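Have a look at the structure below before the remarks.
In this document, chain identifiers A, B, C and D correspond to the written order of the chains, with residue numbering beginning at 1 in each.
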């Protein structure tokens, strides 16, 4: 069965939930899997709508994952009208724009009842440091439980309303979030020396080289 | 002079044992002063038993590993010695050289005592089994009673092991063991009571003597297993003895895949070997009793085969039962503990009680004189035990709505 | 009836017990050090370097391009490029690896180095009895241990080696043909120049002729 | 059908049980046991923190991460191609399907189309992998039930034939690393198809033998029927996939839904269970193996000649356009998906594995509550996990 287009879904969400402003994120690659960006305030409501609506019935939350977008300086050429040598002309000028980094949670939804999909929805945090909260969709789809825990563990997004938000793959007491793009591996005294490697150099700091007979 | 007498006595003893003659030890004991004779006599009896069963234990571990290997389409151990014959030696050496670990929080004394307390009664149980025509270590009037009394004390040892280890798996294993062994003691004893009723004696020697006749020109032995109550009793005795000796499918106290090794979790080295040995000794003892009670003890299956020394038959039957145990072990999955108890109390116990009635009917119909009376008795007994078997079996499996299922297919 | 299924199962195990003595299909065990399963043609274990001819130092096909080093997923290859050049199988001067180490304790036998190598220089070995008491040094294979002859390659991967040889021969033929054509063109040019030399003109510079080795 | 009963997760269930009673005393009635990470039947280094009342489970918390190696991070720091051998090590029993899922996702991202012969080879190897996985699973499940390795050994005997096929095709028995973006690495060697036909033909016989050995066994039936029941609405809501979902009666097979590859050309059926207990999960796998044999027979009959790699595919210097793609297949354990974001460089910007083993464990506690310790082991066995994939 074919699902409605993303534009139709967007329009229906806007109709059904007042204040929700889903935004379509384009995808230029051959897969053409576009996605809907939801605003965190209405995310749970929208999710419930997507799950319960009789034409969508996206009852199956297949994949939940995090993405880390670092601060980015976007260089664009903007057409500016300028008076050059007395004549008004359109001139391209390079403009540098700073896009603040954010963390993103991506949900791939399918329908088991109607056998269609995927609908991809995204939630974004405000920044990568302190404002890293998004609402949890685990109350809507139980299948997101472990995956949201994993995102919390590896990316550090805090899911408000998650019933059991603990680290899942790293151990309790681990401080950092290893999947972030700016994660630096800690120096580990357990390195095994391997030849010709930066590991070898690191090892030397912890182990004295074996005495040669 | 005395040395000559000693060797003569020793030779005569071996000769007499080998040829089923009575009073095997008499000449050898005459060498010693009368005050020392009881002790020497005991040593002469006990040491071969322990030696033979220890060897049998080694052989059985090899047989089990080889047999299971073949059942599972493997070769089994074949690296130590020709065809892997020396594998038990290697296993033993490995066990003895392993570090003996006592967990820090364990109750060290009880932890040490448990394997000892287990080993002693299992060896004691060998005392009352008749191994051959004149080979019975202690000819006790209440031998069967002694056997069960001694056998019951192994439960204490297993609980000691589980409790003293201070390990949760051990404790769970010990609790399971107690529940299981107490439950199965009852059908085990009741199924042997029918034999005692018919034989009218608690003495193993007397029970074997009653099975020593042959019918149909010496080709049908008068073993109790060939009667309807005897067959049912034998099967129930076997099932209960599987449970008593913690063998698959009743290896619930050990339950490798659930409780690591149950009460054995914290044992290593020699103590573990003792447990292992005691388990096999228990299996030998209980199979030996099954042979005694139902399979005619040391009697040959056909009259003309009585020329073969009697102990050969005893051990052949014993090993036959052990092989059956191995075969079962290679086939079935393990029961769950509540199902095991249900099986004991709701199936085995009523059926074994009923078996007593069948035995009684058998006894009182012995006087039937009309033509075909033998067959009639047999069929009556078979129906009396067979119908409740089917009925109880259905009730047991139907209680949880266990059914044959069919499956849907979607295109 | 209770017990039926168990009896059926026991019949089945008995059949297997007997079958393991009579049916070789059932008893599939191969007793390893005495009997060995012949290696499959595609089998792969660890990489080795192919050399042509008899001399491992001279005939090594590797030109130290370091593609395999970059593509290796676990980064087990370590290459140091030589300072000087040696002629390759066509006769073109090429670099060669001054150091070529593979740490087989890290290698995961994925064959990606073989696939990405444009020079057919690295191939997969089928030798697997490499156990060694020295955990680090013993499993670090250097250039001399890795070098194996083209004949050996033919022995372990017959079809593949034949294809490789055909391809290399074609390339060589092409290169030779090109060299010959070049030489002929040059000879023609030289002849032309010689005829031209009769006329008073400056003689062509002889150093422009490509040095052919 | 499922919507009306979709479950809002009750929060109270996730409270960590108090170690002390409300009056501050230690509760002597409950026994806390950490099953694993060193335990014979947790299928690897997996831990379940179990609270027992006698032998009944009152709480169970799965603990993961003992085998965590940050597979996704490794993949983001290396090229697209170099991640392929790492996918072998996710679910190390089914490297072919892992390869396939990853190749499929990259093909979606880069717009590649494998030629027909490659699609057939993928179906053949993928279904052989399903046979391997399900065979191992039923063997392990019965091992967990205490059948002392006999079914496991029979299962391994059959698996050996398929591993031999994989070895002669890809060079390795388990870590195949066989598929490539836009096709497969090498063509089938001479005689491979005949060998595969022989192996597939003998498989039905093995399945018959296996079923005779155990399916009717009273102990197995008593141990598994009615144990670890998973209701269909919960299964859907908790994103359970694969044979486990179908054992609960939900008809969802990605081979049928997405028709990825060329699955629409083959005739096969999807077995469905009605009870969702351990017995159904066991039987569904046995029935699925029979369906796989059907697919294999058709594929081995119809495979055409031709090239095996899309000519557009590049081995070196592969840089997909900026964008993202999620590709998924019906792996033997459930939906195996790969989510990739490309930023135009040779390395993926984001590489994500949707591990069926991990997500199927979401309902482990729901299935185990109120059951015995002995049941926990077989319920876990029937979920079919491989820790290489759970922890990644």
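The rule we apply is simple: a contact is a pair of C-beta atoms (placed from the backbone, for glycine too) under 8 Å apart; a residue touches a chain by one contact, two chains touch by 3 or more.
Source: prediction; values computed, not measured.
Note on connectivity: the fewest steps through touching chains from chain B to chain C is 1. Of all chains shown, D has the CA centroid lying nearest to the centroid of every protein CA atom. Centre-to-centre, using mean CA coordinates, chain A is 26 Å away from chain D. Between the Cα centres of chain A and chain B there is a gap of 66 Å.
In whole angstrom, the spacing between the mean C-alpha positions of chain B and chain D is 44. Under the contact definition stated at the top, the residues of chain B that touch 2 or more other chains are 71-74, 330-332, 397. Chain C has residues 2-3, 6, 9, 12-13, 16, 26, 28 in contact with two or more other chains. Chain C makes touch with chain D in their complex at residues 2-6, 8-9, 12-13, 16, 26, 28, 40-44, 67, 71-73, 108-112, 115-116, 118, 124, 159.
If you check the complex, the residues on chain A that touch chain D are 27-31, 33, 51-52, 57, 59-63, 65, 67, 106, 108, 112-113, 115, 118, 120, 138-147, 154, 163-164, 167-171, 178-179, 183.
On the side of chain B, the complex with chain D involves touching residues 68, 71-74, 168-169, 171-172, 248-249, 251-252, 255-260, 329-339, 397, 400-403, 405, 407-411. Looking at the complex, you find that chain C touches chain B at residues 1-3, 6, 9-10, 12-14, 16-17, 19-21, 26-29, 31.
Residues of chain B that touch chain C in their complex: 67, 70-75, 78, 327-328, 330-332, 389-390, 392-394, 396-397.
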